[in-house]
């Protein structure tokens, strides 16, 4: 028996959560299917005029990704909370922020990444150009981790509460608005042939800020909820 | 005269102090509201560009500014409560929330009333109104989270953390909304931009002070009822004349 | 050594206990007794650091546990009402991950040995959701075999266990105490450790 390091712990937590996600594939797939459905609902709701859909594409895809992320966040901590593994993690001899970062990373890989991969396929339904699709992927790649991380704070605060997923969304959606704005801004700039650099760098800045602050804040929120 | 501030950090003493202070804020508030509204709607001159409708600004502007200020004050009390573990700070934060939300709501409503004659629509997606809407959501989130947690200590601390996270995000949200607005060449509701008539400035000032006084009075009254509810099992509550039947 | 002085705890508005004092030295075992709702679980959770006490201090080797934080976590093992195992994982995977989170890199062989000693021979690789309640509790308790924690905080460890398993747990506790470990526990079933003087803390 030997003692493990912080990096070992991070890898352990990520692997654990990914294995669990694989064994409960249904949860992961339902989020993805929700994403596809929401994107498909809009043309049905507003009419199939290609010109209008092309203009709406960035916004629709981003809002759908946002909603799908919110839905999937419920399961970030709740299963572990219910079977007692979360409190064991809080008794780990390593920084709780590190463990939380691991869970966030695994969550993004099993929920956010599939959205990123699915989005271009859906973008074709909206007749988006190749350039726009490319920027869409990059913006989602930068933005969905931020959504996961902000959502983790909400998930930690609403642990075990009756309101559940809806309350979580209520708390987190306003905080996600900057990501939405910069993400869609980048794609629309690409569609109009304008520069995408500023939007993407702002997204990148949000990602860095989130990486630095959200694990610690989420750890505090977990401690508050577990009292 | 040196005041022992920590004495007033105890709910029991603050209850009495708040009760004594309320009239000192409530009466001036009523007077200033009366004066301000009279000046705003009757005395201030007609605006060259916006006609009579601009008068709604005398309610819109103070409530907008104050709804933002109150969020920060609420977050400040929340932070105090988290750091020093004082129950009263958390109670003050929950007392401020409904008033802040109300001001945000009034600001949105008066913004709409202003927009209709100007733009022909009941809503305008300009940067300030949109930020105001998001601020309202942040207030509602705070209130909803508090309401969803039964255990008082967890409710205090969770909502406090949310308020702090929200207040850190407010500048980021405001910046991104302005960015969004310029990207889409959206409408901007702005008062004429030229220097305001002196009467209008005075009226704005009076209305702003009136709103502050009103808010303080209401928050003090609300915190008293929160104290009564939270401390209902303690001895000093049961000694109060209003509790003893 | 664990020193608790003047501890007071409440849940919501309700004061559970106050003025609690006790010391626990290496090799000692203490049972917390009290009626349902008297605060036994809350006391154990306060000892873990989950709950903040209203008053009082918990001191481990001369330092407050609040200040020690992760260092203190390294020295304790907590087993609550919940098993802390994942249904979708096998007993082996569960044990390796629990150990990993506690900072111990466990080799598969060691884990299998531990599970076998817990009476789970032939079931180590099955997902725990197909095991019985008692077997799942055994998987949860297997952590006792691979942990190097000095203080064991056990909240009703014998729930769902049969006579054989109860005897095994008593044996493990005895071994732990012989290694100068400490145990604080609650139980609704009789728990006897051979040759050990059981200290009692009664919460009224």
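Letters A, B and C mark the chains in the order given here, with residues in each chain numbered from 1 onward.
The criterion applied here is as follows: a contact is a pair of C-beta atoms (placed from the backbone, for glycine too) under 8 Å apart; a residue touches a chain by one contact, two chains touch by 3 or more.
Everything numeric in this text was worked out from a predicted model, so none of it was measured.
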Chains contacting each of chain A and chain B, listed by label: C
Chain separated most widely from chain A, comparing mean CA positions: C
Most centrally placed chain, judged by C-alpha centres: A
B-C compared against A-C, more contacting pairs: A-C
Inter-centroid spacing, chain B versus chain A (mean Cα positions, whole Å): 32
Centroid spacing, where centroids are CA-atom means, of chain B and chain C in whole angstrom: 49
For chain A paired with chain C, centre-to-centre distance based on mean C-alpha positions, whole Å: 36
Per-residue overlap in chain B, given as positions that touch at least 2 other chains: 151, 153
Residues of chain C touching at least two other chains: none
Touching two or more other chains - residues of chain A: 227
Complex interface listing, chain A residues touching chain B: 153, 157-158, 161-163, 167, 170-171, 173-175, 177-178, 181-182, 185, 188, 202, 206, 217, 220-221, 224-225, 227
Residue numbers on chain C that touch chain B, as the complex places them: 11-13
Chain A-touching residues of chain C, taken from the complex the two chains share: 48-52, 70-71, 73-74, 76, 78, 80-89, 93, 97-107, 110, 146, 148
Parts of chain B lying in touch with chain C, wherever the complex brings them together: 150-153, 233
Chain C partner contacts - residues on chain A that touch it in the complex: 1-4, 8-9, 12-13, 16, 19-20, 23-24, 79, 82-85, 87-95, 99, 226-227
